[in-house]
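Going by the order they are written in, the chains are A, B, C and D; count residues from 1 in each one.
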Amino acid sequence: MAILLRGEDRIIVQGITGNQGRFHTRQMLDYGAQVVGGTSPGKAGQTVEGIPVFNTVRQAVQATAATASIVFAPAPFAKDAAFEALENGIRLLVLIPEHIAVQDSIDIVARAQDLGAVVIGPNTFGLITPGQRTKMGIMPNHIYRPGKIGVVARSGTLSYEIAFSLSNAGLGQSTVVGMGGDPVVGQTFISVLKAFHDDPETEGVVMVGEIGGSAEEEAAEYIQTLHIPVVAYLAGRSAPPGKRMGHAGAIIERGRGTLESKERALSAAGVRVVTMPWEVAPAMQDLLGP
Amino acid sequence: MAILLRGEDRIIVQGITGNQGRFHTRQMLDYGAQVVGGTSPGKAGQTVEGIPVFNTVRQAVQATAATASIVFAPAPFAKDAAFEALENGIRLLVLIPEHIAVQDSIDIVARAQDLGAVVIGPNTFGLITPGQRTKMGIMPNHIYRPGKIGVVARSGTLSYEIAFSLSNAGLGQSTVVGMGGDPVVGQTFISVLKAFHDDPETEGVVMVGEIGGSAEEEAAEYIQTLHIPVVAYLAGRSAPPGKRMGHAGAIIERGRGTLESKERALSAAGVRVVTMPWEVAPAMQDLLGP
Amino acid sequence: MKQYEYMAKEHLSRQGIKIPPGRVADTPEEARNAVAEIGPAALKAQVLVGGRGKAGGIKFASTPDEAARVAESILGMDLKGFRVDRLYVEGKLDIDQELYVSVTTDRNAKAPLVMASAQGGMEIEELADEFIVRRHVNPRVGVMPYFGKEIAEALGLTASLGREFADLLGRLYQLYRNLDAELVEINPLAVVGGHLVAADARLNVDDSALYRHPDLDTVEEGSALEQKVRALGLAYVELEGDIAVMANGAGMAMATLDAIQYYGGKPANFLDAGGGASVGPTASALGVLVDMHPKAIFINIFGGITRCDDVAQAILQVRQRQGIPVPLVVRLVGTHEKEGVALLQSDGIAAFSEMSAAAQRVVELAGEGR
Amino acid sequence: MKQYEYMAKEHLSRQGIKIPPGRVADTPEEARNAVAEIGPAALKAQVLVGGRGKAGGIKFASTPDEAARVAESILGMDLKGFRVDRLYVEGKLDIDQELYVSVTTDRNAKAPLVMASAQGGMEIEELADEFIVRRHVNPRVGVMPYFGKEIAEALGLTASLGREFADLLGRLYQLYRNLDAELVEINPLAVVGGHLVAADARLNVDDSALYRHPDLDTVEEGSALEQKVRALGLAYVELEGDIAVMANGAGMAMATLDAIQYYGGKPANFLDAGGGASVGPTASALGVLVDMHPKAIFINIFGGITRCDDVAQAILQVRQRQGIPVPLVVRLVGTHEKEGVALLQSDGIAAFSEMSAAAQRVVELAGEGR
């Protein structure tokens, strides 16, 4: 098992002929993912890394029976790409682009909810299921190991850091999910935690959060109902209030979304909260026992 | 049993303080319907025929636990009234007004589908379940009798004519449903026939259709799968092509939606098609046997 | 409400869809000036019928003088029953390909429908199904670029023309939504020098939504009498026969016409007096029927909201005021039936209770029937 | 991107929301003329901070001369760290009641949120929860009149004011959608003579959507240096300390600051060099850090998309081009780690592989820490 993405998922790449699309198609194939097609208007008939290119998602889905798609379109075109995927039956959608207009993200997420589709991102590194040799995303292939720890993160590089430290400590991962750094994204900590909780193979979960918003506080309430060890690391301890720190998500305004309120809520819910990234793996080892 | 509307349904009247709203609230109460509240902005605290008036549907639903609403708003305000009802939990919505802009009706019907709500109309006389002494609509109370014949009609007065002739022939009605005369309405012949088919108390169905559109042709395909006697009467035999006959529904253009094509399709599906309204009751008696 | 071609094109243009240069001309002189200005042009009769071209309503002129002569020949002509009062003088196009595209409402699907074809120029009904791409628009989503590209793909357009088509379809759908159109059609949608131009256009607006579009040009349809009766708020259509008919409810009115025909009679009109009309409007409507000088009048009322005594009052009023010099058959049942029947009887009119008997009788009285 | 009050009001007005008469004034003379034109007025400093009133940024003037004097006193003053360069001179209102209303995006609900209060005038954070009506907008539905009326009802407004509020809220939501606002706020929403007037307004536009609004007035925020680095396409924030920091990824950059602070150091800045930045931009970013004259520089890279050898190249380039005259600590792991580490070693730089050790070292080198 694993969550959201499995080895048998048939994946298309929207924007496969661009630099990013081409590069990550190669990476995904190398990792073992079943990339079955790609789209790029007017490029039907070509191939990229041996994968057939179609003009539209409609044609790609008809030809390949794909149910998952990863989007590399530039932000202004991401909404169209997302709807093209959703309306043509894609039920797992990974949106890589950053700086998608928030109103577009609201529309994408609402439509996906109506259709029962899962959206990862936007502004995400994607998700990876090491035990089944499949991934949809831009994360480096070599840092993950198959295992029983679920990881859910807002931020890409920081999650690599933590996944790598887990791998080095002998703690492999069931699935690593990047929720995305934008203000409005498809998942919540709660939705991903729930999926990990329902996965018999996941024995512990690492949450990588940050200041801003109140997603961590809301997750805390939910975690109280779970019976699974959770370690949380939150970035932004040193951030001054009212400053934006790159991620639109990472902004503290008006006394809400502070690190203190998040850590307090999580600790109260029984989560092991650590203060530095390198403390995550030892804390998880400690929780899981010998 | 019966379909869509039952005696226990708790009904509110949107626009209860207007002439129409007031008059039909009285008629519905007289018939035995559970009208539990009404709305009219700024009139909260008043009563109409002993029924409490609220400013908003939200308040009315909170106070009365209503799940059904009948709307008497003027056409330009009907969309707002319909959404107010739907978003506040109303799941059976009867839209009396005629001349609602088609784009508004499209939006209302789509939203109702998303929410799993039933819309009757717009431009309908409503629906009535004689055996449970309840109705939501503007039909005259005295022409119906409890019984086992389902009636589904596009047109009001014509359905009264036929219901009355059924009553006079000893053929009472389980539920009589007015789909509404507008181009876009909440129901189809198929959706209503399906409900009648699933209702153990309904033993035969009368369809009252008319020229224009292709709802009857589409229904015919479905009827082939049913095991229930159906009598159909269609108005507009004498209508010249390309002329609008009052109902926006009743227009024949470009050789589609003709009476002949409808009758042919229905006959082929095993429906007893009669050519005059007064032939409906004898045909149904004949089908049901002694 | 239908719009003339030149109005439809004005709306397309405002929505950012390319149209050829064009001028309205009501006189040969205006046509001459138009061609002087825009060069060789098509002179197109502005009438609300299809197949203008075949019927001689579209002609070409290369010079201003020719334009005046051609305009002279078209203006005032009768085109399938419509008098030509206005021309649209439109620059001639060098067309590579003719496409078809429209957005309309599909009643059964309760959703907008896009139809498109790579075989434009013909009426859509004359096109075989396999040449038409039909796609419903999800009203929750609307027409996004990908949707237009999918259709362009199905039409076999190139990538660049496909992008242009997708853009155009988005605009066309916006027009359909924003203007409450029942139909907006571009046929042919011409490919000119690798770009799309709306060479002919149709636009029908939802009558029920006209209140939202006070700036829309009003185009009256139907005879003077039809317009007059509709102004009373009643649904009215002129027919060929001699038996005038009034009924309450559109379905009922249609069934009444059917019944007359069933017994061999010919109805003169369709008149839906509406559900619940009071004495005044009912009397006005009946007055119109009397003025038509039919062979007989048939009033068929099933009183639901309509009260039978109100209808009877209306009949008596008209009798007193203007007289009813032709045979009158009244069928009256339902709400306040007794009172209505009694009122009529007091004036010597016997009301029927059965629709069949009443229909049969009025056909006899009109001297028609089998 | 935030908009000044006068810009926000212009947008409200275009959307059909009533605002008081107002003029922009950059000089006492312009303020004088404005009051001569519109009468007694409030002179409001146009700065992007809350609580202007309490800080002396809003004053009243009854006559043109008084206006000039008051303008003289406000223009050029420092308001919570912002210099006042512009005033908005706005007609004084006779306010019966002050309401609050805003539309913003709720990240957790992934939907727009309407907040309203009958206790306007204060900052929303200072209002107790029981005085605030919060309602999410379903993005599939938008703000329809009934929704506004429900909120008006909850605020206890009369039926006629409720209708006006519902109309205003519909327009406010349209503005939020059409202009890609993160926040549009009217506070106070004044009741003046039984009607609603936007007495103060805030408008923040989603930076990611600015490409859709080329006509929007540009308002720069942050220091000159921040603006310069952001112009390179990098996320950059100035902080108080002396250890300059570069990392790849926003979360990683934040964690790096945290680590420095953990060991007792003080970061000078937040700089997200981005995932996958190539040599050139990385070198430019590093160049900016050098120019800041920090006590030390910390480069923390986890190579995913970013290639470690590209980062090493950038470091060598900057060393050659401008020199790095302060202690430099580099932590480098991930993609092409070996190549990157070797490159640095060839230039005498030892790279760390552990983030903790590296953070500890840079704090030591900066002479800070426990």
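In the analysis below, a residue touches a chain if its C-beta (ideal position, glycine included) is under 8 Å from a C-beta of that chain, and two chains touch if they have at least 3 such contacts.
Quantities reported herein were computed from a predicted structural model and do not represent experimental measurements.
Q: Using direct touches as single steps, what is the fewest number of steps from subunit A over to subunit B?
A: 2
Q: Would you say B-C or A-C is joined by more C-beta pairs in contact?
A: B-C
Q: Let me have the rounded angstrom distance from the C-alpha centre of subunit B over to the C-alpha centre of subunit D, please.
A: 55
Q: Let me have the rounded angstrom distance from the C-alpha centre of subunit B over to the C-alpha centre of subunit C, please.
A: Those two chain centres are 27 Å apart.
Q: When you check subunit D against every other chain, which residues touch at least two of them?
A: Residues 138, 140 of subunit D touch two or more partner chains.
Q: At least two partner chains per residue is the criterion; list those residues in subunit A.
A: 114
Q: Answer with line, ring, star, complete or other to describe the graph linking chains that touch.
A: ring
Q: Give every touching pair of chains, nothing left out.
A: A-C, A-D, B-C, B-D
Q: If you look only at subunit A, which of its residues touch subunit C in the complex?
A: Touch residues, subunit A against subunit C: 41-42, 55-59, 77, 79-81, 83-84, 87, 111, 114.
Q: Which stretch or stretches of subunit B touch subunit C in the complex?
A: 75-76, 99-107, 109-110, 114, 125, 138-140, 143, 153-161, 164, 181-185, 188, 208, 210-211, 213-215, 218, 235-240, 243-250, 254-255, 275-278
Q: Flag every residue of subunit D that touches subunit B in the complex, lowest number first.
A: 138, 140-141, 144-147, 149-150, 153, 158-160, 162-163
Q: List the residues on subunit D that touch subunit A in their complex, please.
A: Interface residues on the subunit D side: 105, 107-108, 110-112, 125, 138-140, 177, 180, 182, 206-209, 211-212, 235, 237, 239-240, 247-255, 257-262, 267, 270, 272, 275, 302-306, 333-335, 354-356.
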